[in-house]
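Input: a single structure, listed below in structure tokens.
Letters A, B, C and D mark the chains in the order given here, with residues in each chain numbered from 1 onward.
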Amino acid sequence: MEKTEKQVMYRTAIAKASAEDVLIRGYSLRCLIGNLSIAGLCYLLVKGVMPSESEGKMLDAILVACAEHGVRPPSIQAARQIASGGVQFQACVAGGILALGDSHGGAIEDAMNVLAAGVAAMESGAGVDEAARQILAGSKERKQRLPGYGHPTHAQDPRTTRLFELAREHGIYGKCCRLAESIAQQTKPVLGRDLPLNVDGGVAAILSEMGFDPRIGKGIFAASRVFGIVAHVFEEKLREKPMAHLPARDLIQYDGKELICGK
Amino acid sequence: MEKTEKQVMYRTAIAKASAEDVLIRGYSLRCLIGNLSIAGLCYLLVKGVMPSESEGKMLDAILVACAEHGVRPPSIQAARQIASGGVQFQACVAGGILALGDSHGGAIEDAMNVLAAGVAAMESGAGVDEAARQILAGSKERKQRLPGYGHPTHAQDPRTTRLFELAREHGIYGKCCRLAESIAQQTKPVLGRDLPLNVDGGVAAILSEMGFDPRIGKGIFAASRVFGIVAHVFEEKLREKPMAHLPARDLIQYDGKELICGK
Amino acid sequence: MEKTEKQVMYRTAIAKASAEDVLIRGYSLRCLIGNLSIAGLCYLLVKGVMPSESEGKMLDAILVACAEHGVRPPSIQAARQIASGGVQFQACVAGGILALGDSHGGAIEDAMNVLAAGVAAMESGAGVDEAARQILAGSKERKQRLPGYGHPTHAQDPRTTRLFELAREHGIYGKCCRLAESIAQQTKPVLGRDLPLNVDGGVAAILSEMGFDPRIGKGIFAASRVFGIVAHVFEEKLREKPMAHLPARDLIQYDGKELICGK
Amino acid sequence: MEKTEKQVMYRTAIAKASAEDVLIRGYSLRCLIGNLSIAGLCYLLVKGVMPSESEGKMLDAILVACAEHGVRPPSIQAARQIASGGVQFQACVAGGILALGDSHGGAIEDAMNVLAAGVAAMESGAGVDEAARQILAGSKERKQRLPGYGHPTHAQDPRTTRLFELAREHGIYGKCCRLAESIAQQTKPVLGRDLPLNVDGGVAAILSEMGFDPRIGKGIFAASRVFGIVAHVFEEKLREKPMAHLPARDLIQYDGKELICGK
């Protein structure tokens, strides 16, 4: 059996269940329940160490900020469509989470990488505004959308404004946040139009300040938006009949071929 | 267009995004960020009203209690297998959530329905132990597993013990919790073996005390376990190579037909 | 290790891969490629035995009949919404498949169970029309929708008509099909309005004639509709921008509370 | 309403359902049922035109070749784990499909892009073996795995061998297939070890010969493997109990911190 053990052995440093308790990152779950918030546990699970009080509250605010934005985003549309097919609750939730891809919450990871490059430039001597201009110029040259900026509904994203207020209060606001704001201020001169720092961009800056790995971006967003998705699936199941959201026939435009072969 | 509007109109009482803010159940998201925990927001989203401080803390403890239980449950196995196929982060998380079906977290809803029936019996005059015995006898007669009791790892579920402690502290412990405990105590005399109140059953009793609709059971569990799933997907992506968890060949038993037709 | 082997041993009678070949239900995959259609392989995989030529063609026709029905069904809406979030191709397909629940393709299994009960009545001496009337009367009494009957678009489902034509040609049409048609003919006198045998009901009758287990219903439908879903995801990715299908703002009705707490 | 119509209008050239029929790429579904195989319909749905007889049979063979490879791949493991959580049939299938990412079937798209670059070099005058060497040298230099080559089980992939035999019979074998085989033959001299053309690589070459867009790669693979996944979910549901596949405790290695905080 030796040669096969290697293949099936699961390694994990996250948790271990025993008869008496569950050990999470070395802490007794029995002790954590009632003493640590779910936001604090999220920090512990992902980073492997306990958050300070400020870090726990900051992450809690981030989870609240991204949790819900109405019925329009693809994640909610998908979850409610799936629910209308007569599907188990958790599977509808899963369908909503699927939609949180590169264009829907996915900007957090990309924005964290952009900020990391800017901070590296600052550590090599560039001023914050200069680093911001370089990032904007690079984005303009490559004709790529700058991740974390612009929003179809908000000219100024109220969630980012509030999160940065809290970051200052908690002593978390630092060079990543400054850089992110400098970029926003220079979108008009460099790109020709004002692009606000949206919630993805604001969250990216604060997660960067707290030392999170950029690759957790989609995970944090999913762990937040799941709360909104759960509420919408619940509402759909209580209020609507199956197949309730078929788009109106008049609003579908078939622009393919007409009858080629008929009986 | 009138006849079609009915078909595409989405109704929702959860949230509304405007240029300046997002309104969640009537509350400004700008105000909620930093003032309400994500557990409190979960309560607001699902029930439509603000939690008291005790209710917010109780729900927070429930979310912590269900978030993580090691690498063995199907939800974690599925999420890590999917990650090993080279899949986007959120889609691995969705795959884990899919597994939270009737046999994995799904007992909360069923247990809430069982407790509701017992409470109805108590309101018609039965004592708590009598109501418990009726439930156990009914389950025995129908040869159905009693939802919320028994656990493969824990002879006494430490999460339930701790949650009930907190329910007492917060003044939430009431007849649903009493009934749930009475059932556990009588499993030995009625069913012939001790079945502890597991975390699903404990959560069911406390959600019932707080007036939650049983149909939210799988949703609350998914919103909690998503944190463990996110941590495992993150670990898988950082530590393991693609296709890392193929079960050992010697551990698969093909018990179908042998070669019927060969070249 | 003995005590653990039991836990990890996977049993399967479906297939076994070796260095030289893959054995599927005892047949060499090398031989199957080019000699058996994918519909025939579906039969072999699910039933464990080779289809006759007629059975293979009949199942192929069923897969074609259920594969695509335009952009309106929840499965397609969900898949395209997910695609618009910037998501990997296969995950969009998975999201579409999720929607194929009890109210969307799920009627096949229920309809097969209804037909099995009717056939049992016929074997106990009831005539086909009598068995049909009993089924309709039972459905009326329990106020349950009869699975496999009625369609929002088709007054007469063209797919069922064609499938039954083929079932006759291939000698597969028998008492299940006769019963299914008799039920349709008696919907007007018993229920008060004409309900056509829809494609779920037609497929249920034919799968029953071929001896399929009702529990495969959702699986066969998923294996068919996956082809339509793949085409729609592909079209979405080639033709549309991210976040393309946000429903119009004017078509969402927020009917919850207005501002309770503002800054 | 004019300004909103643009937002909700769904455009599609795939299909249109009317009261009497469903039009697929201009063809009557009523006529297609019984006259076109599901493989042929797949071709029609994706490419928008009817396949020739050879193209239809070739795509059928591809769907058969990729449909099933035993219980070990992540897609099957995930689907069966999810099924063991007590989950609806179609949601287990969806979970299996999720796993078909960049490292599991995803090589088809990448391999098609590699072959397209090689064919472009051939059109600029390079011989087939020279184009193959350039591709291998580039892959070696960038230290990237060459998509479509190598397999953990098969030293020579029997599925590719058989598919290429059929491609010759159907007059589809051309420069993409030649190039793919030349690359395989030169893996030993250039990379130092023999890497067979695996089924992803073989399918990539043949889809390229038939003019498919590389971006359909994961879609074709998903539409094929769905048949194997359906069979495994069905077997799991019929044969196994919930939570059946927990990995053995002794085979999980917790390598995180030990108890830091206990009650």
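Quick notes on this structure:
The rule is simple: a contact is a pair of C-beta atoms (placed from the backbone, for glycine too) under 8 Å apart; a residue touches a chain by one contact, two chains touch by 3 or more.
Please read all numbers here as calculations on a predicted model, not as lab measurements.
The set of chains touching chain B and also touching chain D is given as A, C. When the CA atoms of chain C are superposed on chain D, the rotation angle comes to 180 degrees (nearest 5). Compared with chain C, the chain whose C-alpha mean position is the greatest distance off is A. Mostly identical positions are employed by chain A and chain C in their mutual contact, as over half of the interface residue numbers are shared between these two copies. The geometric centre of chain C is 23 Å away from that of chain D, both derived from CA atoms.
Chain geometry summary: the mean Cα position of chain A and that of chain C are 35 Å apart. Chain A and chain D, compared by their mean Cα positions, are separated by 29 Å.
The residues of chain B that reach two or more other chains are 1, 5, 8, 10-16, 21, 30, 70-72, 87-88, 90-91, 94-95, 98-102, 106, 245-249, 251-252, 254, listed in rising order. Residues 1, 4-5, 7-8, 10-22, 24, 29-30, 32-34, 36-39, 41-42, 45-46, 57, 60-61, 63-65, 67-72, 80, 88-91, 93-95, 97-102, 105-106, 153-155, 158-159, 161-163, 165-166, 213, 215-224, 226-228, 230-235, 237-240, 245-251 of chain D are the ones that touch chain C when the two sit in their complex. Here chain B touches chain C in the complex through residues 5, 8-16, 21, 23, 25-28, 30-31, 48, 87-88, 90-91, 94, 247-248, 251-263, going by the rule given at the top. Against chain C, the residues of chain A that register as touching in their complex are 1, 8, 70-75, 77-78, 81-82, 84-88, 91-92, 94-95, 98-104, 106, 152, 242-243, 245-247, 249, 252, 254.
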